[in-house]
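One structure, pasted below without further comment.
Note that the chains take the letters A, B, C and D in the order they are written out, and that residue 1 is the start of every chain.
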Amino acid sequence: MAEIGGALINSKAQQFSAEVISNKRVGAYNHMVFAVNELAHHCRPGNFVAVLVGGASSSMVLRRAFAIYRASLRSDGVGLLELVVAANGNGSKWLAAQLPGSFVDLIAPLGTAFGIPTEPVNALLVGGGYGSAPLFALAEILKGRGCRVDMVLGASVAGKIYAPLEGKRSVNSLTITTEDASAGISGRVSDVLPDLIREHKVDVIYSCGPMAMLEAITKISQSHEILHQCSVEESMACGIGVCMTCVLPVEGDDGITRMTRSCIEGPVMDGNKVLWGHSREIPEGVWGR
Amino acid sequence: MSFNYSTSLAGAFFANPIFTASGCAGSGKELAHFFPLSSLGAVVTKSIMIKPRSGRATPRMAETPSGMLNSIGLQGPGIDIFLENDIPWLRDQGARIIVSIAGESVEEYAVLSRKLRNVPGISAVEVNISCPNVENRGQVFACNPDTAAAAIAAARRNIGGELPIIAKLSPDVTDIVAIAGSVIDAGADGLALINTLLGMVIDTNSMLPRLSQKTGGLSGPAIRPIAVRAIYQVRAVYPKIPIVGMGGVTSGRDAFELVLAGANAVSVGTATFGDPMAVIQIKNELEELCSIRGFTSFSDAVGFAHRNGGQ
Amino acid sequence: MSFNYSTSLAGAFFANPIFTASGCAGSGKELAHFFPLSSLGAVVTKSIMIKPRSGRATPRMAETPSGMLNSIGLQGPGIDIFLENDIPWLRDQGARIIVSIAGESVEEYAVLSRKLRNVPGISAVEVNISCPNVENRGQVFACNPDTAAAAIAAARRNIGGELPIIAKLSPDVTDIVAIAGSVIDAGADGLALINTLLGMVIDTNSMLPRLSQKTGGLSGPAIRPIAVRAIYQVRAVYPKIPIVGMGGVTSGRDAFELVLAGANAVSVGTATFGDPMAVIQIKNELEELCSIRGFTSFSDAVGFAHRNGGQ
Amino acid sequence: MAEIGGALINSKAQQFSAEVISNKRVGAYNHMVFAVNELAHHCRPGNFVAVLVGGASSSMVLRRAFAIYRASLRSDGVGLLELVVAANGNGSKWLAAQLPGSFVDLIAPLGTAFGIPTEPVNALLVGGGYGSAPLFALAEILKGRGCRVDMVLGASVAGKIYAPLEGKRSVNSLTITTEDASAGISGRVSDVLPDLIREHKVDVIYSCGPMAMLEAITKISQSHEILHQCSVEESMACGIGVCMTCVLPVEGDDGITRMTRSCIEGPVMDGNKVLWGHSREIPEGVWGR
């Protein structure tokens, strides 16, 4: 079902100077809305945006990647692109500080999208921190295809759970975990997954969040022998496939494991095919090691 | 008045002097979505080695003030798959092609050159000698006049007479003019200046080097003054040698700076990461700037800052 | 828990590890208006020569991406006037003083050192060997292991036993560890890493080099990855040698990076031009950062990124 | 009369984060007003401000120098500092783009000020382009001391003449020259000076503008044997006297010519003591050449 990989990726990508329409603080994040053109029409849940940060004479030479939270095309042809931004370092701080009326240079849509099953399945969507961003639009689509959609969101503290009201509407259930027990169940998402998988007879997990979380989920998806599509987060210098910084070891259809670009053959990948936990080393058996 | 934007490097002709930089545009496929590759002076492909390479472990990059570090480690499919897949595709695009090769021993440069000698559609070969020489305690070829010359001589012997060889030098040396002289003597038809500078970033959270390889190559606007200096120094001593300049070019103004210093062509690397269209914008801006400054031919601007002894 | 912020370099004690960088704070007078000089680890004075020097013609500087070029050319009053005016004044301020000296021949380093040997109130001498050697076709002392060693040996012989000698090295070399080894053998008690990198800016209006001397020294955040790399490389081979790190430090975070790489003290240069209070802010931020990371003594953080082989 | 040099220079300098109160386009320039503290009280005509440009993560590491156009202290203790900014390169463009409400880091007052005669004299104020900025406040002070004040402003084109109405009030006469004859007399300020000097029996010239203009004026002041205080404009890296980039050859009271810092022993200097036209060379006879 997943359409991961393939020659047509990024064929709809456009570079665009987008006006900031709104910028609101929501918990630990900024929810930002940009006015774009019809490129919004081509954005799929899982795709990301590469944003130029810092303005003219910036010392930051690389774009920043953000998952698309929502994208819609109004009847007047104006597209709306929405992001959920955590102001961490200088680049994301700059972005989060842009006021309505300012313009931001972005490239979208980039990368792979979550694969949508052709028949109704039971889907479990798992998000960590701002990793929930792409999951709400995905939930809507899955709902529209008649799927059962359950969601688990986890974070260290309650303020880092991003779960707007309208998003909750499209899921059958929402479970929240926090490590400090400030909201929902105390613990990590992986603590609650096995029960939910059994309870809801989950066929496929969709996940987005920190790499350690994706690794933990993969262990569970593999032991339960269910599908796992995850959106990975590797440092990206270019976001368009030319720099080779964003790689991780992934087993291909031919059984060979290659250092694979997460910007173009990801960010959405088959979690069960990723060799997790190999930062700072090339695992044995990787092609060309 | 029409402006003659073409340039030539040791007999190889290019419609304009703006190239991609090796390792910063793959083999062109990903950029072809943003603009036709035929509009570039040339596509310089990522340095290719004999065998498939996984490259280095991640993290492979760190952003730095007005620059970045990378330690990709020459990930690639190896020369055979490259010649089978990438070259025919590039030819179909109507792109001018400069193939960059990299070896870990003198013999590897020889083998790579032999594989290239009869491949149609290649305009020149860029020899990346900023690689560790496994036969010499991993010292980088380009950091020693003798090993630099040995790699270039191996390429020269094996490539045949037709294909120009461009030796790509490292700025991490005490005397880049001496290295230039050495590779010219060894048969280089042109020079590419400059490769990245060796740098390091330490993550102040983990309190360890950020990159898995600890050090990486510094590129981007931060190093432009070093590139301009290197090109100027070499051009001052070798008035005729073709030079492909690179290092921190992000605008037509920047490219013009390298051209005035002595570059016959300009490769754009890191700027493409910030903007996939950078190379096209730079091409357009440089053309306009040359015209505004009164040049009717691009070649007249090359090394113009040396007139009257540069004062 | 109280944090021990002091550092020592070859027996010289400093209350904290943040110094001014030579040439970026004059002799302290101008900064004394913004903060008391006694709050610094040390004031490193502008490199002084034997005779008065007019310095180079203007333009002497150009801003570059995240950095700047300078070619001041060691303008100064000469050692005699300096010792008469500046040292007593600095002593009166309660400042720790490191005097930087520069010569154009080995003999000049000897003469300067003799003049310093009995001056009270000096904590150390920084020997700037990034100067053209008039006896050797103007090649920079620091770019050759032999001339670097000769300059340091001359200083060592003439300075007497008490005063620590810090050799300031240039990054413009193929192998900075080799130069470090050479000056250590010649009697350097410590190293200062790094001086500026040779760069050039061409003015795209006049189409000539911007600086009157054509080339200049590149400093500022742009070069920080080079400084970190140089310090890390030298520290890896010389675990004990005191190192004063410098190059692009603008914040406590940046200083911490150099410390983790192996610097026992950090000099702040270009950042002072953007902000006269930079050096004090850096001092405060670094102290806080060390504490946050759990260090109780500054010296424990020095070279911490080398633990477990840096992985 | 001039108090050039001296140990107390910069003793009133403060670093301050100043709010932009107003920013208006006037001809080729932006007239900008900043809210500061009592430092405004210490600003004298000729002093300058060093402005940090580019915001957080800027690639521009050096401050930009701007002459103080006006400085005043309101009764509520708020100081107002006014600049006239030509948006030339990246730094000045950034400054000119700062909207009211934003904050700018500045250091002021820096450098020497125009010397004020203790007795009434006939003064001729000569400005080139934005070089007129410090002259209006100077004119007011001179007027207050009973001086006759005539003014000449020159530029290449009319739009580059900065001469606000209220400024004109404090001068006895205003002559304008433009090189393209788009306003006033066609030509350069130096063309009209000799006649004005004779006509108004000028005792002292105060000037501010491009170095070539100051050189031309010095020729005239020397041949007429009158005083000439000029505000020079050299590239400055630090603005506070520590970097030695801003030097030019100036003859000292002891007759020795030294490479002299224009940020601290200037920008206002005795024009008759400057060795003009020696960019790119150290003139013979300079101390330590």
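Here, a residue touches a chain if its C-beta (ideal position, glycine included) is under 8 Å from a C-beta of that chain, and two chains touch if they have at least 3 such contacts.
As the structure is a prediction and not an experimental result, all values here were calculated from the model.
Q: Going by the touch criterion at the top, tell me which pair is linked by more C-beta contacts: A-B or B-D.
A: Most C-beta pairs in contact, of the two: A-B.
Q: Could you give the separation in Å between the centres of subunit A and subunit B, each centre being the mean of its C-alpha atoms?
A: 35
Q: Compute the distance, rounded to whole Å, between the mean C-alpha positions of subunit B and subunit C.
A: The answer is 34 Å.
Q: Using the average of all C-alpha atoms in each chain as its centre, how far is it in Å between subunit A and subunit D?
A: The computed centroid separation for subunit A versus subunit D comes out at 55 Å.
Q: Find the geometric centre of each of subunit B and subunit D from their Cα atoms only, then give the gap between the two centres in Å, rounded to an integer.
A: Subunit B and subunit D have C-alpha centres separated by 47 Å.
Q: Counting only residues that touch at least 2 other chains, which ones in subunit A make the list?
A: In subunit A, 59-60, 280 touch at least two other chains.
Q: Using the touch definition from the top, which residues of subunit B touch two or more other chains?
A: Counting only residues that touch two or more other chains, subunit B contributes 65-67, 212, 220-221, 311.
Q: Examine which chains touch each other and state the graph shape they make (line, ring, star, complete, other).
A: Topology of touching chains reads as complete, every chain touching all others.
Q: If you look only at subunit C, which of its residues touch subunit B in the complex?
A: 64-67, 69, 143-144, 172-175, 197-202, 204, 207-209, 212, 214-215, 218, 220-226, 228-229, 232, 248, 253, 256-257, 260-261, 289, 293, 304-305, 307, 310-311
Q: Of all residues in subunit D, which touch subunit C in the complex?
A: Those in contact with subunit C are residues 10-11, 13, 15, 52, 59-63, 105, 107, 234-235, 237-245, 247-248, 258-259, 264, 278-282, 286-289.
Q: Where on subunit D is subunit A touching in the complex?
A: Residue list for subunit D touching subunit A: 54-60, 90-91, 93-94.
Q: Provide the residue numbers of subunit A that touch subunit C in the complex, in ascending order.
A: Going by the criterion above, the answer is residues 59, 280.
Q: Give every residue of subunit C touching subunit A within the complex, in rising order.
A: Residue positions touching the partner: 65-66, 221, 311.
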